[in-house]
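Both complexes shown next keep chain A, but they swap its partner, so chain B is in the first and chain C is in the second.
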Partner chain A sequence: MVKKRLLPIIGVILVLLPFLVRNDYLLHLIIYMCMYSILGMGFSMIWKNRLITCGQAGFWAVGAYTSALLVTRAGLSFWFALPIAGIASALFALLIFFIALRAGPLVFFGMSLVSSFIVMEVLGSVEFFGGWEGLLDIPSPSIGSFVFFTKTSCYYLVLCLLLVNIIVYYALYKSRIGRAWTAIGSSVQLAEAQGIDVYRYRLAATVIACFFAGVVGAFYAHYQNLLIPTTFSFILSIYVQMYALIGGLSYFIAGPIIGAAVMVFLPEFLRITEEFQPIFFSILIILIVIFLPGGILSIVQRVPRLSVILSQIGKRIGVLQ
Partner chain B sequence: MALLEIRGLSRYFGGLAAVNDLDLDVLDSEILGLIGPNGAGKTTLFNLINGFFPPTSGEVIFQGEEISKFKPHEIAKLGIGRSFQQSVLFMGSTVFENVFTGFHMNYKTGLLKQFLHTPAVREEEENIKQKVMEILEFMGLASQKDELAQNLSHGHQRILGLCIALASNPELLLLDEPVTGMNPGETVTMIGLIRQLRDRGITLVVVEHDMKAVMSLCDRIVVLNYGRKIAEGLPGEIRENRSVIEAYLGQEK
Partner chain C sequence: MDVGLFFQCLVNGLAIGGIYAVVASGFTLVLGTMKIFNFAQGEFYMLGAFVAYAVCEVLHLNFVIALIAALLAMALLGVVLQRFIIRYTYGGFFHTVLATIAFGMIIRQTTVITFGKTDRFVYPLVKGRIEIGDIMMANDKLLLIFLGIALIVLLHYFLKLKLGKAMRAVTEDQETAGLQGINARQIFLITMALGCGLAGISGAVIAPVLAATADMGHAIFIKILLVIIIGGMGSMPGALVAAFLIGLIESFGYQFFGGYNELILLCCLLPLLYFRPGGLLGRPLAIPQ
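What follows is the complex of A and B.
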């Protein structure tokens, strides 16, 4: 109930954010946070089926390169390239996982890991994709004469993607499909015995997650205006897992957003340079796993319990008086 | 007419025959007891019927259809439900959600409509929610509908397992040790519930170690040992059967 009352306030803040922040670098970080949250939510959706993916960076790259190549080589408009990038990434996921999933969760994990390496190697080694120097001069998205070049305009664009992503995921989680995923996540045997086609539902979750990873990749390509294969390294896939884990693995939408926010902003505020970030994140994740295994959002769940305890103490004192 | 026919069914794990050339008929609207010492192949037989693993050889025929090559979810759709030996439930969900999820197959609206949450879907969900409450009331769990499954007592967890199996609207229900670990009061309740299910036209196959419960509950009993059928008959006959007594207690010297 509190959540519903908070929604319009959050909405107003999100829309006015560029005018509140008035700082291009901070806005740049927020745009990254939005992109990372979408990747993290994809990981969460796959995790809901108790599958662990190590390859979201690879699917991000597939989307990014598809869109960049379509726009620079084929002269397509960004607005057409965006959904095509998502579909390309989804098809790539389908190709890899429709066999791997039949062999079980462990093979799924292995294949996702391998796919992220393969994607990076292929993008770097094949001249057509721009090689290790990368693809340069990718145009910014534009409508008519308006070009999405300023941070503010790009922020609104990525915000739209994030909202669409959240709405789609929310609708899925609320439906029978989401209930089937929850069932698979809690007991594969029981889900099967209730007539749920575990293989198909798992594949669907993977493909949907990779579709959105591809869409966000397309935005990334045209936001950065250049693509370098090494950006899409395996470590990014690990970071994607960490967004979901730090926020809270049982919070499938809010968790990755909070996790991405923490992992983007905390190193900035603590002034930790890029080289030391992996060490910092490692320590952070160890602390989270030990002290907050439910993620940062699990604190929220503990607060009502605190209020119950406080009121009970209050009652006791009342009785004593 | 037999609802389920098993013909020459075998399943080997390496060199070990867990189920060995088994023939078995389950008749319409009966409660069939399946007993035997530990490792006799009872749970394996359930897993074969319900498709968790394929048989090495032999046939499983349900309502005239050969189903031994089918996947578990396809077999569930044909109308074979099952409950599990341990309390296999959707532990993190409430009692209500557990049964609600169990209704997975009963939706008629397509996935796209589901996703868009159209009024037809909302109406359908309301209907299903009512059916969930009917099942919970029938099984006596309605008062605990908002409790998390993991917080229920053992007895209630077993009953919830049965509720979930009922949600798939089965014609044949396989119950793996429904009263094991229950106190006498819970056992009596459970036996009463299983009888009522049979009265509603559901055929049941029950694996159980509690002999008193099996003898009072079942219409017919089949005894397995080392994956083979060693005896079959009415509860009274089984109680007197020499080979059954030998299988349980060993041979007299």
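What follows is the complex of A and C.
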């Protein structure tokens, strides 16, 4: 998708970003954008299998609370809690979806929604999880004496998570599993007729997506240093769907990143207050659904024509050969 | 468990189950006829409650007028949704669903901005309770049961009318219905109006019992999804049975388990799904993927 020549340039920009952007608040937004991209890519992976999940927020919450509890109550190091949080989230997904997936995509969707809602309710009602006031005083991650306290250090941490995520997803998409997913995405019946075990591949996609949602949840817990159950609401799951839609549903890695960038930065540039943000996003979604169903990246498909036109013009003028 | 408590739970369960049944019927109608998930169903329900609040407490009119106002206003809003938004979504199933979600969010946020986040109370229509020996049943809950069943019966007989038969025809097979001379687009508008109107009037009906809050849309939508999953997508009788079942489990569950009753609901649901993936009474609907 991205031109190979551009990769080193993008890499350098990403590494130097905190020094190009000297504003801590902007870095905070960029960190959020990275986290949301990871969630969005999880949604995209499940979407590739012709399934809609509305529960990313719930699995994000599971990972966040698992890591927070392990570190605060059990004294575990963050670096161990991180993968364990991912595994916890993946196991929770497995538990719910190994039954729900058998009953069809609509039930899958319903169960993802219901499970995410129940996760939020339980996290709020039960005192062990901190109740509605949430968990406080979650320590930041540390290696030895170096504490990931500044926005810059946390940015590098989340950047590593994002890059690992992208590399793993890219590798998966190129592998046999990815080809099976593409087959399922094109036509479920044909894939089944080809002998692909649709249920197993869909379950794998869901579990992997939820694993990474859990991992990024653990990061979130230690970045914010506090967790409130109401953050992980149903609306957040809808926003995750919006990231994928705005970017472009057929672009499984770049789409959610673009979508997350749009939804994090556009309200900032337009100075839209917290109250009006859902209305703004909703109107944006309706406009995109009606006028640009392929998402922002679908404009890219028209670019080749643009470059052909430009080169034609160049030949006419005599600039090009 | 003593008899009084049992009857209280029973009445509560049937009352809330009735409301779930009416809202779920509207949702199922739209799902069956137009093959779309109206994610804004919960928000129509919430707005219906706020309309009832506005009519009763702000304009100080009769509660019956509030019911009719909620029904008509929500029906109109549903028609707006269908005519101006859903009609133009060509991207596929997911795009339509996200459009309804977006519309629902606009409704919710506008309501929150207009009315604020405080709960709005509507003066109850009936008060007090009936006492038969040890058994005490709250009057307003009994009224809910009555209204819920009344709406379901009305819907049932409506579906027997010519218009209702046309709707059922479109649900069965859109093309053949067209061959019979049924204008599918018109039916879609009417179905949407009916579905959203039912949600609105349910909200208005329940406003005296539970206050009009900003989050009631989300809360009931989760329950509606549970109803649809258990009852079978697109199956009207399944939705009714499942709605009352869920209402009763919720009511009795709250007595025994307190805040955990939702978790218990989920635990009851999962084994059911394992043994009957199509829901209790439904044939799973073939939604275009």
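Throughout what follows, the second predicted complex is superposed on the first by the 303 of 321 C-alpha atoms of A that agree within 3 Å, B and C clash if a C-alpha of one lies under 4 Å from a C-alpha of the other, contacts with A are read in each partner's own complex, and residues count from 1 in each chain.
Assume a contact is a pair of C-beta atoms (placed from the backbone, for glycine too) under 8 Å apart; a residue touches a chain by one contact, two chains touch by 3 or more.
Model, not experiment: these values are computed from the prediction.
Undergrad: Per the overlay, which chain contacts more chain A residues, chain B or chain C?
TA: After superposition, C is the partner touching more of chain A.
Undergrad: If you stack the two complexes on chain A, which partner ends up touching A:S175: first (chain B), second (chain C), both, or neither?
TA: Once the two structures are laid over each other on A, A:S175 reaches chain B alone.
Undergrad: Figure out whether A:M242 sits in contact with chain B (first) or chain C (second), or with both, or with neither.
TA: Touch status of A:M242: second partner only.
Undergrad: For A:A183, decide between first (touching chain B), second (touching chain C), both and neither.
TA: first
Undergrad: With both complexes superposed on chain A, which partner does A:R22 reach: first (chain B), second (chain C), both or neither?
TA: neither
Undergrad: When the two structures are overlaid on chain A, which partner does A:D197 contact: first (chain B), second (chain C), both, or neither?
TA: A:D197: touches chain B, not chain C.
Undergrad: Answer with first, second, both or neither: which of chain B and chain C does A:R73 touch in the superposed model?
TA: In the superposed model, A:R73 contacts neither chain B nor chain C.
Undergrad: Using the touch definition from the top, list the residues of chain C that touch chain A in their complex.
TA: Residues of chain C touching chain A: 85, 88-92, 94-99, 101-103, 105-106, 108-110, 112-113, 218, 222, 225-226, 228-229, 233, 259-260, 262-263, 266, 269-270, 273-274, 277-278, 284-285, 287, 289.
Undergrad: Mind pulling up the chain A residues that touch chain C in the complex?
TA: The touching residues are 47, 50, 52, 96, 99-100, 102-107, 110-111, 113-115, 117-118, 121-122, 125-126, 188, 233-235, 238, 241-242, 245, 249, 275-276, 278-279, 281-283, 285-286, 289-290, 293-294.
Undergrad: Quick check: in the complex, which residue numbers of chain A touch chain B?
TA: Chain A residues touching chain B: 171-172, 174-177, 179-180, 182-183, 186-187, 189-190, 192-198, 250.
Undergrad: Mind pulling up the chain B residues that touch chain A in the complex?
TA: Those in contact with chain A are residues 50-52, 71-73, 76-77, 81-82, 84, 88-93, 97, 100-102, 104-105, 107, 111, 114-117, 121, 164-165, 167-168.
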